[in-house]
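By written order: A, B, C and D. Residues from 1 in each chain.
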Amino acid sequence: MSELLRVEDLRVYYHLPQGTVKAVDGVSFNLNRGEILGVAGESGSGKSTLALALAGLLRPPAVIESGRILFNGLDLTRLGESEWRKLRGKKISMIFQDPSTYLNPVYTSGFQVAEVYEAHRGGRVSKYMDLVKDLYRKVKMADPERRVHSYPHQMSGGMKQRVLISMAIAEKPDLIIADEPTSALDVTIQAEIIELLREIRAETGSSIIFITHDLALLLEIADRIMIMYAGKMVELGRSSELREKPLHPYTKGLLSVLKPERKQKLASIPGSIPSLIDPPKGCRFHPRCPMAMPECSRIQPRMTKVNGRIVSCLLYEG
Amino acid sequence: MSLANYIIYRITQAFITFLGASLLIFLFVRLLPGDPARLIAGPEALEEDVQRIRVQLGLNKPLYEQFAVYMASLLRGDLGTSIKYGTPVLDEILTRLPYTLALAFTAEALAVAIAVPLGILAALKPRSLVSQLVSVLAVVGASLPVFWTGLMLIFIFSVELKLLPSSGSGSPRHLILPSVTLAFFLIGNLARITRAAVMESLGSNHVVTARAKGLSLSKILMRHVLRNSLVPILTVASVQLGALLGGAVVTETVFAWPGIGSLLIDSLFFRDYPLAQGVIMFTIGAFILINIVTDILYALVDPRVREILWKTV
Amino acid sequence: MEDSLTLRIKEAKRKRLLEVWEAFKSNRVALATLIIIIFVILITFIGPYIAPYDPYSFDLRKARQPPSREHVLGTDELGRDILSRLLVGARYTVGISVVSIAIGASLGTLLGLISGYKGGFWDSLIQRINDVLLAFPTILLAIALVAFRGPGISSLVLAIAVSFMPVYVRLVRASVLQVVVEDYIAAAKLLGLSSWRIMLKHILPNVMSPVIVQATYHMGLAILVASALGFLGLGVPPPTPEWGSMIGTGKIYLFSAPHIVVFPGLFISITIIAFNILGDGLRDALDPRARTLLRRF
Amino acid sequence: MGAISRFMVIAAAILVVIIVLGVYLALRPGTPAPTPVVTPTPTETAPIISRKDTLKVAIGIDLDTLDPQGQTTTVVINVLRHVYETLVWYDDKGNVIPWLAERWEVSPDGLTFTFYLRKGVKFHDGAEFDAYAVKANADRWADPNVRVPLRGQLPLKGAEVVDKYTVKIYFDKPYAPALRAFAWYLLITSPKVIEKYGNSTITEAIGTGPYKFVSWEKGKRIVLEVNDNYWGDKPYIKRIEWLIIPDATTRVAALLAGDVDFAYNLPPTDMERVRGAGLQIVTPVSNRIMFIAILPKGPLADPKVRQALNYAIDKKAIIDGVLYGLGVEARAPLPPHFFGYVEMPPYIYDIEKAKRLLAEAGYPQGFKVTLLHPTGRYLQDKQVAEAVQAYLSKIGVQVELRTMDWPSFVAELRKPLAETKHDMVLLGWGPGVADAHLTLYGQFHSSQAPPKGLAAAHYSNPEVDALLDQAARELNEAKRLELYKKAIETIWWDAPWIFLYTQKWFYGASANLKNFIVFVDGEQIFFHKAYFS
């Protein structure tokens, strides 16, 4: 498998009057062609910021502070807006969390999908309507002939998500970043969408970065999973291994929530995610960590390779 | 429900409002203290002459009788005869109308042409020097009394520089100072609303989608930002225009502009009941009309509004 | 259970206020204007005590003197000290604006609530009347009120209140229409709560922010309207040093003794500017989208 | 957002400073105004007449009607008097002189006026001016079915044609000011016009005057053009445009900018500025006496109190300080140029005396009163009311001001004494004809008390009533003067008014406009002999 994407020590900061928010603070990973990488974490872990950074959609006050994003060997952090424009929608596309707000209410769905073709192939929007109908059939939209003329407010959440997916796959991109694509939908639709993403991967060979707070879902569909906490990557490994033998205490906590046999009533880790302006010293998880040691509050753990997996925890260092 | 039906529905509604309003205004205008006959004759006239004028004008009749007469002629499309001028009210309004239309539309067009680009600029580059100066100027414009701005402009451009006529009407040159004065006052609000609306659109998620598609900046701005900011901008612009059509009283007075506003003030201060009532009815009519047009524009801009409006029918 | 719930709601409300304050505070321009406004309000209370002269004492021999060490802002057309008049007049100007907007906004909000929530006949009725009121010239209203009630502050306040009211009716109705479809309102209806309770307890709090923002903008406008009416003799009767009537009567001195109208004009303009910028700041702070954006970090 | 704040504050501050400086430096009276070089007239005998022959005049109010019998307002009559003419007119001293009538006779009983008319005069529509035309106009004036607001000022009964150029006009009872009233009110239009319109309002202006009426664009302007067939001297000015500019400051601007050559009724505050720009200043005395009518209510029913109020006010200071000198201190209850004027000893400003009089009347502590006043109607009316308020406070009389717009003010004035909410009224009284009858009868005859008339002081004195009635009928001018002298003396010391001043006007003209006629009562200006140098 060839490598499509390599992220090296990426830092994305928000410079706010109240201080600097270190939303992504030194994350490194790679992604192979055709692979599905799951990214999991609580809200506020920096996973959405990571997604925006990869798609070149960060806006002030967010800035890439340092690090590199190598896409087919090209460093995306050095691209200007016009180069990005050629890439976005064509090579890298994105599916968003809340389909209703990510569609423009004043245009028909078909128009909005056709805009992708317009942007990359030129010509008038109207001449791409047949292609859009094909896409709708591909994403299993009911009644595509009529739906291209529907406005977003006339469609259900599931339909709208299919519209967004249509946009994302229109140009058969190398990389699809899906940021919580299913969390706003109900369970049956969720399953259909997941199934659809799998089929798309099979058909187009695109790589998918699938971001969600729902670890159970990732365990089902992702090839590998990256766990994020407070802007840092805490663990990265194959789904099966991660499920069977989680290394980081945070991963363990997350998994324990999933396992019904533990019969833990309150299904969460005590405490809440720390402030990213003034994160805890040392390991950021240590205030909530059941296995915390005194040095955890002083020493920042490094990425450590353990059996082909990466973990960042003092337990596994030296 | 179709557009045509909707328009018919709105016009029927407007007609009912109009009839109700005419009763209200009839009473309102006539309950104002004052005696048109005495105002015509002047304080120095003898009471018996004044009384004779009252009889001639039918002002000695009971109010309900006057109202019956008024409504009867109104339904025939006759707005009555001006007490002061002795000419049909409609004629008086129609003489002034072109001036009001010219001033209102020029001022509003000028305001939109200046305020909307400035508002967009301020939204796109909130930290730039230009945008800050713009917001300061806009706020100052809305905070200066209109007569002040007007007199300043007259003294700078007419008295000192002798570039433009100080007052009056008749040529496009006469239109410049009054419309600039009004526009200066209108720009503040309009620019601010534009800035807010554009900022809101800019921050909305569908713009992120548009960027993710790889659309060019100009297309994002035109299609996904401006179009979506149009409703609030239209609202403010139409309310402003509606108010201007009712006459910009102060501006018209300062620049001796013979529009509807000065006619209203004149008729009110002369207690010229039929004329005042006619002008107010016209103002309300213009306002309702503008509302209908604005709602239709909303519907054209935003399909959701279309559905809600159509449904209310 | 009930108690803990209400406690949590209270906690949430407190947090919300704090957030708004945080958001507002981060906008330093708005903060600066807030300070100007506090200063103006302070003058309304202590103005008469710090005024260097009696604002009513006149001396025609000293009429229209430009600013000097004796009279810092000069004297007006009757030789009265302008600074003293401005200091004493603040309470009238600010008072008229505050009271008239309070009346106009609360009446308008109430009508807007009814119109939006009840719909049907009430909505039509209120909207038709509102259309007429919106188009009604403020000056006519003011003349009529003065005629019925006699000239004075209360007539002026009523005229401004009634002419501002329709704006709030529209604003609130529009917001109510958005809120009414929300689930919690449906739930409240299912629980069998009375319409009034739903309107006041559940809808009102959700439509307040546009009302507050609009009211701030109106503060400035009210001062301008008061000054226009003052010029027509429909305002505060002389010799009360209300700012609006000061520029109204001072208008004719604009070129011969400008300080008579420039200083009241400056006070008014600065106050209006302050209220307008405050409105912008408040809007940004109260905007839920801006707030959630900030909450995320 | 944070970094902007300093910039915003600085920018706002700079702006504010610019506004202040702008107003102060650029617009201080007289300073930077361009002073046109006033070319001195080389010799009195040979004026250099410029070829410019269009005159632009700014007036503050629009016409209300073109109907010659429907006129009420001095400025409107002034405009139309260039088109219409009258049987007799005034010379520059206010004496009645022949005009369309070459001479006249009055019957001994004062009931019949015989006018011998000028021959060869034609109306603008070609009709001939003759006895029939005069009869048609006089009959229309007397016709109760025609709207003639000021009929009471010229109560004629009708007319009779003696021959083509002789006409008799009849009265029911002798009316002493009749001749002056003819000079003012009986504008003569073509008999064809009267035939065409009958009782209804006449909407075209056809006269015999030096100018023909061309157009009236409402709210905008009135255009007159020279009448080439005029019977008298042909005017130099070929065309007069009367521009309606309601705002007084704008009229100043129009004059300064050279957009108009003459402007009526300018704000006194701008006098220095107009003078500084090298323009002509015209400040004629008007027919309007300004006063504060004192209603006989409570303490004010006592003449001593009313005298005290007169002593408490420094009229000279008000005239200089508030009116910029545009007033003549009142020494009688009528303007000084009126027929019947007698100068009385002044109430000299004296607070101590006023206080003493109040104490004698039993009000050493003063009392509270309400002063009703209009705003925007008279020169500086609101400021004068405020000054009066301030003066009276010095003798313990607390004045509450009731400001009203003009129509409401008049409505309030018309209430009968028992219904009045005020104790004093600031009012001006300016009849068209400069005759004591029209001021004194209208303001002091008990029959004219509201609601019947507008005698604002509700003054009632049988002795004064009798004198005024007698004077109105007395045709012998010397006897008539004697009667007015007695009436004025009584009124002066009875003090039903605070006697203030006769108002002057402030008009401005461009430096090269010569020879316009300032009519004797001052409010009217005539341009039929004017030219540009």
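Operating definition for what follows: contacts are C-beta pairs under 8 Å (C-beta built on N, C-alpha and C of every residue); 3 or more make two chains touch, one makes a residue touch a chain.
Computed from a prediction, not measured in an experiment: that's the story for all the values here.
> Find the most central chain, measuring centrality by the gap between its CA centroid and the centroid of all protein CA atoms shown.
Central chain: B.
> By the contact definition above, name the pair with the higher C-beta contact count: C-D or A-B.
Looking at contacts between chains, C-D has the larger number.
> Taking each chain's centre as the mean position of its Cα atoms, how many Å separate chain A from chain D?
Inter-chain centre distance comes to 86 Å.
> What whole-number Å value describes the gap between the mean CA coordinates of chain C and chain D?
The mean C-alpha positions of chain C and chain D differ by 43 Å.
> Based only on mean CA positions, could you tell me how far chain A sits from chain B in angstrom?
52
> For chain A and chain C, what's the span in angstrom between their mean Cα positions?
48
> Taking each residue of chain D in turn, which ones touch at least two of the other chains?
Expected reply: 1-2, 4, 8, 12, 27, 249, 405, 408.
> Residues of chain B that contact two or more other chains, please.
Expected reply: 32-33, 140, 147, 151, 155.
> Would you mind listing the residues of chain A that make contact with two or more other chains?
Chain A, residues with two or more chain partners: 17.
> Show me the residue ranges of chain B that touch chain D in the complex, using the header's touch definition.
Against chain D, the touching part of chain B is residues 32-35, 38-50, 52-53, 56, 84-87, 92, 95-96, 99, 126-127, 129, 132-133, 135-137, 140, 147, 151-152, 154-156, 158-160, 162, 165-170, 253-256, 258-259, 262-263, 266, 269-271.
> If we count contacts the way the header does, which residues on chain A are in touch with chain B in the complex?
55, 57, 81, 85-90, 93-94, 96, 98, 101-107, 112, 115-116, 118-120, 151, 153, 164, 167
> Write out the stretch or stretches of chain B touching chain C in their complex.
These residues of chain B touch chain C: 13, 16-17, 20-21, 24, 28-29, 31-33, 139-140, 142-145, 147-148, 151, 155, 188, 192, 196, 200, 203, 242, 246, 249-250, 264-265, 268, 276, 280, 283-284, 286-288, 291.
> List the residues on chain D that touch chain C in their complex, please.
1-2, 4-5, 8-9, 12, 16, 19-20, 23-24, 27-29, 248-249, 252, 267, 269-273, 314, 317-318, 320-322, 374-376, 382-383, 385-387, 389-390, 393, 400-405, 408, 421
> Touching chain B in the complex: which residues of chain D?
1, 3-4, 7-8, 11-12, 15, 22, 26-27, 32-34, 62, 64-65, 67, 70, 72-73, 144-145, 147-153, 200-201, 203, 217-221, 243-247, 249-250, 253-254, 256-259, 405-408, 410-414, 427, 429-432, 438, 442, 451-454
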